[in-house]
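A, B, C and D label the chains in the order they appear, each numbered from 1.
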Amino acid sequence: MIIGGKREARRAYGLDELALAPGTVNIDPDDIQIGLQIGDLNFQIPFLASAMDGAVDVRVACELSRLGALGVMNGEGLQTRYEDANAAIAEIIAEPVETVVPLIQKMYREPVKPELIARRVEEIKAGGGKAVLSFTPVGSQNACVAIEAGADAIVIATTVTTLEFRSSKHTSIDLPKFCREAGVPVIVGNAVTYEGVKQLMEAGAACVLIGVGPGAACTTRRVLGLGVPQATAVTDSAQARDDYFEKSGRYVPIIADGGLRTGGDVCKAIACGADGVMMGQPIASSFEAPGKGHHWGMATSSANLPRGTRVKVGQKASLEQILFGPATTDNGTLNFVGALKLGMGSCGAATMREMQSVEIMIAPTLPTEGKRDQFAQKVGQGA
Amino acid sequence: MIIGGKREARRAYGLDELALAPGTVNIDPDDIQIGLQIGDLNFQIPFLASAMDGAVDVRVACELSRLGALGVMNGEGLQTRYEDANAAIAEIIAEPVETVVPLIQKMYREPVKPELIARRVEEIKAGGGKAVLSFTPVGSQNACVAIEAGADAIVIATTVTTLEFRSSKHTSIDLPKFCREAGVPVIVGNAVTYEGVKQLMEAGAACVLIGVGPGAACTTRRVLGLGVPQATAVTDSAQARDDYFEKSGRYVPIIADGGLRTGGDVCKAIACGADGVMMGQPIASSFEAPGKGHHWGMATSSANLPRGTRVKVGQKASLEQILFGPATTDNGTLNFVGALKLGMGSCGAATMREMQSVEIMIAPTLPTEGKRDQFAQKVGQGA
Amino acid sequence: MIIGGKREARRAYGLDELALAPGTVNIDPDDIQIGLQIGDLNFQIPFLASAMDGAVDVRVACELSRLGALGVMNGEGLQTRYEDANAAIAEIIAEPVETVVPLIQKMYREPVKPELIARRVEEIKAGGGKAVLSFTPVGSQNACVAIEAGADAIVIATTVTTLEFRSSKHTSIDLPKFCREAGVPVIVGNAVTYEGVKQLMEAGAACVLIGVGPGAACTTRRVLGLGVPQATAVTDSAQARDDYFEKSGRYVPIIADGGLRTGGDVCKAIACGADGVMMGQPIASSFEAPGKGHHWGMATSSANLPRGTRVKVGQKASLEQILFGPATTDNGTLNFVGALKLGMGSCGAATMREMQSVEIMIAPTLPTEGKRDQFAQKVGQGA
Amino acid sequence: MIIGGKREARRAYGLDELALAPGTVNIDPDDIQIGLQIGDLNFQIPFLASAMDGAVDVRVACELSRLGALGVMNGEGLQTRYEDANAAIAEIIAEPVETVVPLIQKMYREPVKPELIARRVEEIKAGGGKAVLSFTPVGSQNACVAIEAGADAIVIATTVTTLEFRSSKHTSIDLPKFCREAGVPVIVGNAVTYEGVKQLMEAGAACVLIGVGPGAACTTRRVLGLGVPQATAVTDSAQARDDYFEKSGRYVPIIADGGLRTGGDVCKAIACGADGVMMGQPIASSFEAPGKGHHWGMATSSANLPRGTRVKVGQKASLEQILFGPATTDNGTLNFVGALKLGMGSCGAATMREMQSVEIMIAPTLPTEGKRDQFAQKVGQGA
């Protein structure tokens, strides 16, 4: 479409604008396969927990592994800056909201300690979990520490990660070299465009995280103007993955990361072409999460330009109940696995690959969760 | 439209997005015919009540028959699980909202009793009503009990019902065989796509219910991502009906089911091609409804993944006043028959068939009922 | 656009969706002409007051004439049913909101009295005003009473008025005959379609009122599904007027009626092709209005299917200040004439005819007035 | 698109509807150039402060110059009407909101005094600032006073400024002559259309301000119906600038003026083709602003048709922190320069000119700031 003059702009879609059409055959949810493979690692269910300090610590990483999912730990967060990370988290939780961003900025100025990186890896391994830690491109030396300590995979991620970084002063990671030499799968993100995803795959990424400012309320879009609505980001990226697969023979899964809150969001992300989903808030709202019902993003601690703040999400259920149910409410935030399988079955998709091509419709947007909660409360009070 | 990559999605429309244009001739409402025929059953007005336990019991079924409409009873609900269904309903109504979903889940674990099915059929017949009960595809044996007891028609329905169900463990109903042997009209639902509706008609359905996650706030869309906005679902299905009629010579009516709240919704559903409408909330808000102003959906009781909760709708008027007026408010929830006839007359449509082809416009969406109510209250307080 | 199947629907636009682009020349508002001619009647400003009992009585009709505008009195309202109409109005204003619709229904069951029709005409004439009364098509005999008593023009109007009315029992007005024999200009409404407007003009209407369910919150659309957003209704009707003018040589002005609240709405209605505007709420909010800050629509009194209720709009300013300013607030509800002239000047339009072809843009919708007021209050409390 | 009849309307876009896509290369923000040149004046950062009396006085103009930006003083405002402008401002701030518009109308009836114009210019120069004052076209004699007193540039601006003004009584500025003889750069505004911008450039403008009723809540659109959403206004104007540059060899920068609140808005305005931005509210919310956290627009004082009222924006931070950070909140209203550089870097743009052609997407609209604040508060109270 033309915005004005000769300036073209493409209409991009968010997951909220989509709805899935039922198939002409129904499939028994018990017969549906939803596994995910990243490099040589296999997961029974395609759910990853975001590398947020309020969501993932050693205990959560181990429990998610037990459940067939994957919890990514922030390799440059409180767990690797503070020996007693729980005390640091407690301080953040206790701070009044008006001053919490400056406090978070301060807490994250404490240096990352290589010995703590190694220790966290060992603790997760000792607990029977898959040890996967996340680092920024400039923290790749720390990533090597994690690998040496036995990490099963590494995540290299920033708000936007591209193959090339131009600077007169700093040099960034040599991604192809790093992927070649890591010895473990390297998950890279975030990216959102066809070209960007393709370059990361060609650089050797074992998996790409998809999502930049995907949610309607995402502060990246407010602060920087930057953001691609998630449905378009995932479909564009899935095209890049399929084209790269056809050319190279290597299938690099893509993970929808950001703005996913409900079972419906998960079903739609897969239908758009994702191989899995990464979630922060649902994990942060588990009984086991270190944030005790609070979470904050990786960019909240930015010294000059914080994006995101501490959000209270409450403690709703155990990780097992969140993933496998039973659901005791109807708001789509419990039993994600059950919802994905039932949604796939209703669409007539027996495999993740089939789900990636079911019929999608563009539909009038649902009211936001906030509004719906207000409505539910009103009804609740009345009832 | 392209969402991203090469992924296409069709724009689907909800009833809220439509408005009807007046015709160039006005017709006297008193001269307008709005009957509905399902198999050999004739109804004076094209209104069906949903098979919800809060909406339809023996008394409501009889009264709706007297008024020329049809009340469908849930054949696998409280009426056929509990001898004293009113006591069960009272328990649900009394429960605090936080724990009502688990209670509903528990109450519906009580087995369905064939003798109660037969008894309810007999009670409705004794009261002079048409006895029509609803069953899920796996409950077709219970449906046979109802038929033997004298049911006038049977509804076979789930969230999404397709001709084929693939499972390694369970077998589902053989729909063509069931329709052939039932001896009474078999109403089947819910479906929303051209292909899905056509297959159900070819399988012998006497009527098809249209609607999967149709409302903007429907939890099926939130929990599973699944849903087709009702205007598109009905127009697609109407096309399937017309094509099947042309091929087979058999006219199978379609009933818009779900998300209809006002006279305007009803007029627009017919204009989209429906032969009738099925409504839950308006019936549940009658003085006669067993839920005493509360209702909950058929999927609320799902053990693992409940959709919908108990909603308080209040007790507004008698069934007769709801259907035939007079209206004493201007919100479109009273005098549905009067609204349909006046709407048809203003569009210049003398018959249901003519109403199915009046001019439709896509128009800026109305504010939601909730907002409107707030506004009305504000005005009310001021006035 | 296709909604589904093969069913087409046209996208219709509301005034809220439009914005006017500035012209490349600016014109001094003092040099701009905005007169309106209906038959042989000339008005200095193109503003009509709706025939609502809360808005127009003898005093308002006279004052509007003095100001160059036109107030239409409801010929079948309280003024012609009750000798002491003010007492009847006072009763309606005093009623609690929950029971006001039934009360209004009751008050309008009192018969219309020919002698009161004649008396109101005489009172308006005695006060120096133009006497224009509004009747429904079935009340055309009463219209003759008004004409005989000296009415300057007659309005024949219902929610939707078409040339043809089909009924097995009732006969409606013979509009061509009535227009031919009336001896005064006959204003007819409401219509919204090209065909409908053209037929009314061919029948001899001196002016056509445009608007059926035009506002986003209009209950006609909620109750009946009926309504054409006003921008599309006016542009379609303007086309009919222009085509009829080209064919017949007779220019029949069209008046945008309904949903106009602000100066911006007026400017946009004219830009869409209207020759004038009819407003209810702005007039009802004048100090002089009989409703003392309340109003209700002509269809509120419908015995079976009321549309609209009593709305409190407050008493804001004198009619003169509402029309000619000065404005003391910035919400666009004062100084309509100044706003129209300044808007026209900014668009480079020196005449109404030029304003009907300035550039229109489709723009993101403004927040509703309600929201804006909340915002203003919030700011106000803070400031 | 067709609105109705044969009436065409173009879809225009607001900045809220846009999102920027990340580039395939990342650029170090420290290497990014964001200078702005207007005539012979150079600014290190492309930020201008609006000529609003609540935002710019001598002190703010000097401080903005020190920071590399430009503060425009209202040459026909309180500063040039009152010797003690602070006292006048204090009076406006103290007034209750209900009566503040009439008070503002009264305060601006005090005549503009040439000697005060000269004095303000001299005070700014003495403080080391660039002295740029804004006048309406009818106030061009006062503009000459400012030039003689040493002003560095002049702004000639009204809501809509066109080359031609038709009036039977008044004559307006001869813009080509004024630009030719001014001896300093003449910034002209506001304009929004290709043709309008081109004419102002051909008349000799050194810079054109872009924006008429750009914001969704702008009262110009409510009161007059007039307004072009800013994304379309800027892209159309950028096309005019580029075409004029190709033809004439003179590059006339355009400044997006109005409705910009966040870093994201700024990034998007530049991506649409602007060379700089003019902001009122962010400057008015600085500790240094004369309005002490309040501001009101230039059209608020209109005697007959005020647009805009006094708005309370609070006092948030110093001008330096607002422009250069560090940000301590995540709402995009602090560190505009940092946000612009990081946004450009993420889009792969090293220069303003490159930023003007990065990929733009049309995306679902963000919730309004008001809603977001409510949400943040809710979270805040809970946390």
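Throughout what follows, a contact is a pair of C-beta atoms (placed from the backbone, for glycine too) under 8 Å apart; a residue touches a chain by one contact, two chains touch by 3 or more.
The model shown is predicted, which means the values in this text are computed figures rather than measured ones.
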C-alpha-based rotation, chain C on chain D, 0 to 180 degrees, nearest 5: 90
Numbering shared by both copies at the chain B-chain A contact, with half separating same from different: different
Centroid spacing, where centroids are CA-atom means, of chain A and chain B in whole angstrom: 39
Separation of chain A from chain C, taking each centre as the mean of its C-alpha atoms, in whole Å: 55
Shared interface positions of chain B, touching two or more other chains: 11-13, 232, 365
Chain-chain contacts as defined at top: A-B, A-D, B-C, C-D
List of chain A residues in touch with chain B within their complex: 11-13, 18-28, 30-31, 194, 231-240, 242, 262-268, 271-273, 325-332, 335, 338-339, 342-343, 346-348, 350, 359-367, 372, 375-376, 379-383
Interface residues, chain D side, partner chain C - complex: 1, 3-7, 9-14, 16-17, 93, 97-98, 100-102, 105, 159-170, 172, 191-193, 195-196, 199, 212-213, 216-217, 219, 221-229, 232, 294, 300, 303-312, 365, 368, 370
